[in-house]
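After this come two complexes, each holding chain A, first together with chain B and then together with chain C.
== the complex of A and B ==
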């Protein structure tokens, strides 16, 4: 137990250092960005008609004139006190913007994460167990095809098929257009999330399926499976008793590593479907030079991805007897 | 007496792809023959890499994916087809594998021994069989990584003893055991044979083989070079120069080392693979050499010991 706490503590310290690094990197990239916040957000034409005084006020608002280090330290100081600042674009506290968008995205991502994880695992097991057979070749072909398809392109194809031709699903946004917020039903929300979630799920499958397949093949070639066969265990029993048990550990790693890919994918997918989630907001913040918002999003997503890895590590300790018992005796 | 196992001219080869797409057959076992009668312990003696484990796996029909097996294997008079082997293994034909890696690393010993059976009878059986090899009931809840080498070895043997074999194939069953434990296990093999089973004991240790075996088959580079009865050794009735060299290399016989090394798979030329190291070689040794009967045993040599003038 003590060992486990120490382990978790070390990981958390690592996480803090990592978040610091990530926020600094994001900040430096933003400072180096060639986009002029005034031109992008106010517009060339409008700027031309303004007085110098107005322009100075705007420059102050967008923080153009402060030295970068001072701005970063200022942001960091507020952040430590739990204040992520105010979004320049949305004119709301960053926490609020992120909270709202994350809520939209979270369902989408959670669904895609679980669905692609389970489907990937199932397909990988199926392919690995029938290595070289028809099923294996079909699954492998499918995985290679999907993983070589750009996400946005896949999103467009689904959009065309389901929203434009079949007209069974809405083409974008999170809620129907022209309906007031109170009368939006859960069904509406689900219908709007289906296409983005599906796209995200489909693109997440190949990685998990192909890796699971490799692992299962290694396991089926192991000495202990050989011995199980020598003792007359049937292939189905071997798969259930030894295959699943030993594939569980790498599957945990894969599944939690997939969180970062789902985050990455959501940026593109939400853009294509105009889905007001975290990914789309990140794009807006980046292009609109909304420094506090972008830093907030970066830190929050990094924290979520890192927590995923931490959970994977902790689960490992529960599932793997070599760690569980080894730690207990140490 | 019933013949339990008869292996004739067995070859096992691997398909390999070297650099890119060139396919290559890599022969590992060639022209291997041996017989196990009911009631007999037959030892297969050969140095590391001579194909002993593959022979065991070949008999059980559990060779890897990229391998090919040719030749004849008969079990109790009938050809041992892959389908028949599948039915018999774990029931009549039982393997004691070579190492701890043959235990599932994430499964406790007890469930592993019981192979999915949960009933009280299975529990009783696994407990008894562990006890027989000096392992307490707490062993059942251990994972393989929590076993010492010798304990793991005994668990593997216990797994075989859970089943009641007519043919037991033991692949190096004794390393890691102290002399007493090893003696007990070899004694158990002998008991099995006395009850009418056949035992194929695979080992690199000729001295150990001679303590328990009735017959000894000597392997060299994937071939059977000699089959002799255990009594032939102390009596000096050896046939093949390699067998002689193995015998002379034993501590009690002067520890005479053998120069050179066994050729690896695919490195053997034509003819006798032992010829390059053989003191008795002649020009005819570069030809195909048949395994032939000699003085109550078998030998694959054109100039066997004690065979001058044959």
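== the complex of A and C ==
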């Protein structure tokens, strides 16, 4: 037990250091940007008509003149106390903006994550069990095709088919247009989330399906499967008892590591469907040079990714006793 | 058929085919780049027909020329970024494995750091730091795609470092540089080349994505990301050809690169394919 705690503690410290690095890197990148936030948000024409005093006030607001190090340390000090500053575009605390948007995104990503994981695992098992057969070829072809398709184009095509031609699903946003916030039903929300969630799920499948297939082929060639066959076990039983059990663990790890991909996909998908989630907000913040908000989103998304990796590491130890013993020895 | 051509010859033929097609697209795009900007308001919003195979847009520009120019741009950016990424991966991966100790931990930490930020977000951030445009998107894609290949190179070099024939060469008194050049590098090359080619699809897809979001190439350039982002405002009025053909062609180019990588692996590393 003691070494498990030690292992977790070490991982946590490493994670915090990485988060610190992420925030510093993101901050440096943004302050290195030659793009002038005043030009982007106020516009050249408006700036021309303003007095120097007004421009000074605006420069103060967007923090153009403070030295970067001082700004970073100020941000870090506030961050530790749970204050991520104020979004310059939305004029709300960053924590509040992120909290709201994350709620919208989280449902989307959680569904896509789970669904693509299960579908990928199933397809991978199917392909691996029929190696070289027709099903295997179709599944492999499908995986190659999907992983070569830009996520945002897939979203566009689905939007055209289901929203423009068939008119069965809404084309965008998270709630119907022109309806009171109070009278939006759960069914409305679900209907608006179907297309984005579907796109995200489809793009998440190939990675896990191909990985599962490779693993299953390795396992089916092992001695213990040969022995099981010699004992007269049915192929289905072999697949479930020996295949699935051994494949599930690396598949789960891979799926936790894929959170970063799903997040990246959600940025594109939300942009296409105008879905008010974290990804779309990140794009707005980037285009509008909203430093505090983009910094906050980067740190939060990196924290989600690192948590995923941490859970994967810990799960490995819980499920596989060999790794637990290995960690104890180290 | 089996008797006449063997697997290696087939792989070579496919590889050459993919290469020729990609070169043809690049050249066609470069030649057509002037036509891609020509507007003709008497031929607005034409659906695909014989005179313009991919249709025309709301300014009467020929979508086929625009698509080919965009693809050519994508391929050239892909080549540049993948080459830079692979060079970084080779330097850091091999350096990490050969130097060991502190250098190794720092490089591994940096790899974890880069992998921790979702790819799209990182490319966006780097592109902002370089002021968007061509420089921004190239730097963004080049500086964010080296991590997994660096890990592969590091693992491979670590394994080679302990391989009996490398140890024997050391005992025989060969200098470190000679060992690196004559024993480690040739062994590393096939894996590295395949990794390099397989970087192209990612590089191209991410360039298009980031341009689509507005952090990449400028709206005046007919890049695939720009074309698709413009088409968004015309989709609801049923102008499907503005989005379908450019996107499908991009998928085709990415598939060609995947094919290229796969056949290259078949030729350079036959053992892994037949397993």
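A few comments on the model shown:
Everything that follows uses one rule, which is that the second predicted complex is superposed on the first by the 322 of 330 C-alpha atoms of A that agree within 3 Å, B and C clash if a C-alpha of one lies under 4 Å from a C-alpha of the other, contacts with A are read in each partner's own complex, and residues count from 1 in each chain.
Rule of thumb we're sticking to: a residue touches a chain if its C-beta (ideal position, glycine included) is under 8 Å from a C-beta of that chain, and two chains touch if they have at least 3 such contacts.
Predicted, not measured: the structure shown is a model, and the values here were computed from it.
Of the two partner chains placed by superposition, A:191 touches none, neither chain B nor chain C.
Counting residues of chain A touched by each partner, chain B versus chain C, the larger count belongs to C. Of the two partner chains, neither chain B nor chain C is touched by A:3. Residue contacts after overlaying the shared chain place A:145 against chain C, while chain B stays out of touching range.
Once the two complexes are laid over each other on the shared chain, residue contacts for A:21 go to chain C alone; chain B is not touched.
Of the two partner chains placed by the overlay, neither chain B nor chain C lies in contact with A:11.
Shared contact residues of chain A with chain B and chain C: none. By the touch criterion given at the top, residues 57, 60, 62, 64-65, 86, 89-91, 94-95, 97, 99, 101-107, 115-116, 143, 145-146, 159, 163 of chain B touch chain A in their complex.
If you check the complex, the residues on chain A that touch chain B are 131, 221-224, 226-233, 237, 241-242, 245-246, 248-249, 320-322, 325-326. Only residues 109, 112-113, 115-121, 124-126, 128-132, 201, 205, 208-209, 212-215, 228, 231-232, 235-236, 238, 240, 243-244, 247, 250-251, 254-255, 258 of chain C touch chain A when the two sit together in their complex.
Across the complex, chain A meets chain C through its residues 17-18, 21-22, 25-26, 28-30, 32-35, 144-145, 147-153, 156-157, 159-160, 163-164, 171, 260-261, 263-264, 267-268, 271-272, 282-283, 286-287, 289, 294, 297-298, 301-302, 305-306, 309.
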